[in-house]
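Dumping the structure here so I can ask a few things about it.
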Amino acid sequence: MQNRRDFLKIAGLSALGITGANPVLDAFAAGGHDAEESVFRILKNEKALKAEQWAMVIDTRKFESEEALEPIVEACHKLHNVPDFGDPELIEENGDCAEANKRHEIKWIWEEEYGHAFPGKAGEFVNDRIKHLPFLVLCNHCEEPPCVRVCPTKATFKREDGIVLMDFHRCIGCRFCMAACPYGSRSFNFRDPRPFIKKEDRNPEFPTRMKGVVEKCNFCAERLAVGKEPACVEASDGAIAFGDLSDPESSVRELLKSNYTIRRKQGLGTGPAVYYIV
Amino acid sequence: MADDLAKPDELLSGIGHKPPKTGWMDTPVNIRKGMYCYASNPKSVDYLGLPNARQWNPMEEDWKLPENWKQILHEGFRERLDRFRSFKVFMDICVRCGACADKCHFFIGTGDPKNMPVLRAELLRSIYRNDFTLAGKLLGKVAGAREMTFDVLKEWWYYLFQCTECRRCSVFCPYGIDTAEITIMGRELLNLIGLNIDWIATPVANCYRTGNHLGIQPHAFKDMLDFFVEDVEDITGVNVEPQYNKKGADILFITPSGDVFADPGTYTCMGYLILFHYLKEKYGFDITWSTYASEGGNFGFFTSHETMKRLNSKMYAEAKRLGVKWILGGECGHMWRVINQYMDTMNGPADFMEVPVSPITGTKFENASGTKMVHIAEFTADLIKHGKLELDPSRNDNLKVTYHDSCNPSRGMGMLDEPRYVIQNACNHFYEMPANTIRENTFCCGSGAGLNAGEDMELRMTGGLPRANAVKYVHEKHGVNMLSCVCAVDRAALPALMEYWVPEVDVVGMTELVGNALILPGEKERETDLRGEPLPGMEEEE
Amino acid sequence: MNLKELLEKRKTAITKKWFDTVVETYPSDTSRFLKKQKDPFDNPVGSTTLQGVEGMFDELLGNMDQEVITSFLDPIIRIRAVQAFSASKATGFIFFLKAIIRESIKDEIRQNQTDELLSIESRIDELGLIAFDIYMSCRETLFRIKAEEEKKRTFSAFERAGLIKEI
Amino acid sequence: MANNKQIYDKGKVVAGLVIFVFIVLSPFLYNLGKAAPAPELKLTDKAKAAKECVLPKEEMKAGHMQLLDLWREKVVREASRVYVNTEGKEFAMSLSNTCLDCHSNKADFCDRCHNYASVSPYCWDCHIDNPKEISDAK
Amino acid sequence: MNSKYMFSLAAVIVLFLLAYIGVAGIGLYGFFGIFIPYAAAFIFAVGVVYRVVDWAQSPVPFRIPSTCGQQKSLPWIKPASFDNPACNGTVLIRMILEIVLFRSLFRNMRFHFNKGNKFSYEWEKWLWLGALAFHWAFFVVVIRHLRFFTEPVPVCIQWLESLDSFFRLEFFADFVQVGLPGVFISGIVLLAAVIYLLLRRMLIPQVNYVSLAADYFPLFLIIAIAVSGIMMRYFTKVDIVGIKEFTMGLVTFHPKIPEGVGSVFYIHIFFVSVLLAYFPFSKLMHLAGIFMSPTRNLANNSRVKRHVNPWNYPVKVHTYEEYEDDFREKMIEAGLPVEKELTTNGG
């Protein structure tokens, strides 16, 4: 797609079922004026981090309590303008009821207990430490994402670097993806989220969402594009590692080699890209 | 149709390679035997004072037209555009969407494309565009215009007399364009240059003179009713002698003369006599027949508005002369369209009469408060509803009856449920035909609007095919053997149609069924129905 | 496979072609209407013809029961007898079937089956004759109806008595 | 008759025609006496200083929606974030961070034309309209 | 090929070339942008009024409604009030049903035999659906265009616009680039419906047979209008604000040619102008005609109320006196009462 004018013409022509060059349409596109051919280019940022399959390794040993997770969650949610429907101040301000708001909760990354996060592995007699350990869960950016398969508009898609991404523009709010995701990683905006983002916390560089779209963790695609690691990794103080799964030299591969790791609901065959060291 | 019988080999190899068809404008008319009615008798035309009375034959090249026939038509056309908004609007607004195309019984039966209502109207529209519109004058054929020629005239004559003015197409037209209206105008135009058919012109002349289509003179009219009185007395043992031309009677009764002279209408006529006698005996009902206004039908309607008015005038004139309170009308189709839509406007106001009130039930017929004329089906239905008639429907038990809605009462008046109510109370076995062939969707008998002649039998049979086909369906499904109707033209036309397509089915008028079922005071045990056929259960005693 | 079985198998195709050639005896616009319109009340001609050709074809390969054949053939001829066809055109469609059959089996037919073919063709001839009979009886009915109607209308008795006077 | 023409059913016909004429004239009547000039856009100081937008002004005027559509497609789906225009100048393809950075006066810039042309794009439902000063000016 | 529609197609192509050469070639912006639209609007308005007045100058002498249901007669029989209206109120409803919902076309239904000689109804309403879609879409498109002719744009028009662009076209995101601007469904329905009506006219034998060149021309013209409009909105972008400046100039009588608006815009308004100017001279007058059709806009009450025929004139009739004079002798003989007895010098 090198030439904007060509692009326009082709779009127009193919929509009309006309083929072949047509001087008349040239004139249309030029708006009746002669314009010299102009060329634009679209590039990737040179600093952008690249991978074949991004993956994350979370060292659960380094999180002793829920409190230890909080800064990580906050870093993510603030960065991505994730609303907080549980904030008492905002509830007051909007004249809402806390109970009702619970159902509207939006989360990208959050804490889950072992039994819920790994239902297949939770026997009756589990190691006590593990049983009460807070697990950090988020979208697994699966290798075979079921949510992508069910999306009717391809609003959810898998990028070349393995990130399962939401195109909020295209989402029509059908929520098939939520039904398909076995990890509950997706949240639906039952209402306009903006009133539940503190004004002073709003990040203008990242869009909010509108009522009627689904959202979830994006592996900080916007940060990778400018050469930064995901926010949670940055905030984890080394407890979370991030890297290319297909690169044998990468930090994640190192960690996987040297530690015993588990993944959530592995038996479903979705190929989660988030690993947990226990 | 296909001009040469193609050899099967040619047909097989030629499928998909048919020669380019000609547009309708380029397909000349081919007048065929059996599809048209004879030209009118000059004596009749002359008697009525209509133009260009002469002997002529549509099969001959020379139609003996006046020199300036094109001019006469052009001026007549203009005059009618000025007089009838309907005509003018219908000439202009058709979009040829084709909704009407397959609704016409003549198209369905004959397969002639020019019998599609839209095309029948286009025959006139093409001339209209040429003569009266800017687009037609400038663009000619592209705008669908063409010049009046003798070939076009032949087309007009042929196809305007292949329309029974039944209005079925109008029901489906998104603008209500009524081919009947266009045919009426077209026939008026043809009449201006003396192109009429005898089956219309002679009844009109007769009606004008003697008061009825057949030319039955007053004494003969009475004689014929006397025969029926005798017949009824034979069957019931009761003398049902009616009153004639009685001044000061409460009500005047007018029915089509078809009921007086042709089977099976005559049995309907006997039904009237029985009904009126019953009401007279029981309730002192005072009704009179008239020999002057002895025709309800009005073939003037098929000639021109003016002729219609001339014939129709007798009804009010006679009512006024006799000083009756209101008029009761018998079973007839186009008679009722004329009464409903034209009579009061043409020959009214009928302020010398009273708003019709049934002297028996006290029902005030509000819907006839202007015209002062009540339909016998409305009148009888009201009697039955109030329990004023003693009916023994089992006397009609050998009949399995279906009901044919006549075009005019259904689409020019909307009388659908009254006759059904009467019939269903007069007989026990009643079956409806399929829904797209009855009520406002009813199919024409194929012989209306003056086409009930003998010489156009093929036209009548093809035009009546859709109707007969639906009758055949109920005949095969329910064993229906009697087709009832409230129209004299139906009673005249349907027997022939049935005899050809469904010979097992006979035709009956509504009041004949009532006459059979009605228990007259002092009657003897009836052994036969009004037709002299044994009643159910009486067969062995024959 | 004998010829009858072969034709049995081809029934749908043959009767369809036969039906098409019959309705193509109408003007081309009409014939397309007759083929397409499925409502038996809005299209009695087409639906009668379709039912008739299928029924007759069965009889042709079956018992040639005169009564059954008439029940299928009569409605078609009855219609054609009042439409603007000459006698030959009204009944001639029966013989189209010969060519259609020959065309349909020309690749399969073997030498020893010509007898069978000829016998079927003579059955078709028989159909044609029945058709002609029906045609004639329809026309006779038509003329009888005309005559009777005339009689009813003139009410001869009254006329004789001088009770009716035409102008 | 032909000589002295009159309108029959005058009441209804005239009423109908008046309604018709009124409908036909309604756009003219609606704007009667109004000048209704095209909106004048205010540029922020930053925009004025920049002088040039991503594309020439004319092209932006007619086709900015298509440019944005192209951008969002490229950014979200292909992870390409840099746009080099014909002059060779680079832009981050971001409505929030590039366009609205310069045109931070939504009410005086975007809305004026959009209201005038009666289009209501939903961009601002998500993209915070003034990234520089976090205001919730609606 | 059918010459009737080839002719109409050629006419539309010629119109296209006229506008294209006129604008892009010769630069007659003022002519095509200002003179033609004003002239067309004038011809349309005056032409329609003229035609309606022309119709209205013919009276409706008789009440001839097509009655499509039970009349109002006896109190216990249920009348079909809307199909057989007895008063002006129900006539109004009948007209509304006809004009807004195309009730008459909706009547189309068919039977067909299932196996075993059982018949059933078939839904035969494609013409109704196509016509309804076409007219309603056209109506919405026209109303929507008022945004170019009003400032400020009335709320109801904005509301209609948002309703019209409600349908999310993201489903087709893989095939067409439709993200921005929002897609107006009415434009697409209009184009689809008009193409359906055209195909129907070409392919259904009866309709094809009765069609004239004058039936194809407006269809091709409307297709051209819709295509040029859709082109501008989605493909070859035009400066909307510039166009609105121009259209506002037209409606405030300060016409000014905008800068840099592509020729497709001029082609679009030229087609629209041709349609407007053609309107009063063509079958498109059915728009007004449907209000004037005596078979639909009258109550079936002529037995209740006398209607006057303005040109009713006396006709020659055969009076009772003449009749009795003809037959007096025979009437007396038959015992029928007469007005005048026989005189000695004979009747």
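Here the chain labels run A, B, C, D and E in written order, and each chain numbers its own residues starting at 1.
Please note the rule applied: a contact is a pair of C-beta atoms (placed from the backbone, for glycine too) under 8 Å apart; a residue touches a chain by one contact, two chains touch by 3 or more.
All values reported here derive from a predicted model rather than from experimental measurement.
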item: Chain D to chain E, fewest steps along touching chains; value: 1
item: Label of the chain whose CA centroid is most distant from the centroid of chain B; value: A
item: Geometric centre: closest chain by C-alpha means; value: E
item: By number of C-beta contact pairs, the top two chains; value: B-E
item: Relative to chain E, chain with the most remote C-alpha centre; value: A
item: Chain centre separation in whole Å, for chain C relative to chain B (CA means); value: 32
item: Approximate Å spacing (C-alpha centroids) for the pair chain C, chain E; value: 44
item: Chain A-chain B separation of Cα centroids, rounded to whole Å; value: 79
item: Chain D residues counted as touching two or more neighbouring chains; value: 1, 8, 58, 62, 66, 72
item: Touching two or more other chains - residue numbers and ranges from chain A; value: 8, 31, 169
item: Multi-chain contact residues (two or more partners), chain E; value: 56-60, 110-111, 119, 177, 179, 206, 209, 237-238, 260, 311
item: Of all residues in chain E, those that touch chain D in their complex; value: 41, 44-45, 48-49, 52-53, 56-60, 146-147, 149-154, 157-158, 161-162, 177, 179-182, 237-242, 244-245, 248, 251-253, 260, 288, 291, 310-311
item: Touching residues (chain side chain B, partner chain C) in the complex; value: 1-2, 5, 7-9, 11-12, 15, 18, 21, 32, 34-35, 43-44, 47, 102-103, 108-113, 202, 205-206, 209-210, 214-217, 219-220, 223-224, 261-263, 434, 436-437, 443, 454-455, 457-458, 461-462, 465-466, 469-470, 473, 496, 499-501
item: Chain C residues within the chain B interface of the complex; value: 17, 20-21, 24-31, 33-34, 37, 39-45, 48, 78-79, 82-85, 88-89, 92, 95-96, 98-100, 103, 138, 141-142, 145-146, 149-150, 152-153, 155, 158, 163-167
item: Chain B-facing residues of chain E, complex; value: 4, 7, 51, 54-64, 66-74, 76-80, 83-84, 86, 98, 102, 104-105, 107-111, 119, 121, 127, 131, 204, 206-207, 209-215, 281-283, 285-286, 289-290, 292-296, 300, 302-309, 311-312, 315-320, 323-324, 326-327, 330-331, 333-337
item: Of chain A, residues touching chain D in the complex; value: 4, 7-8, 31, 38-45, 48, 157, 159-161, 165, 167-169, 194, 199-200, 202, 204-210, 221, 225-226
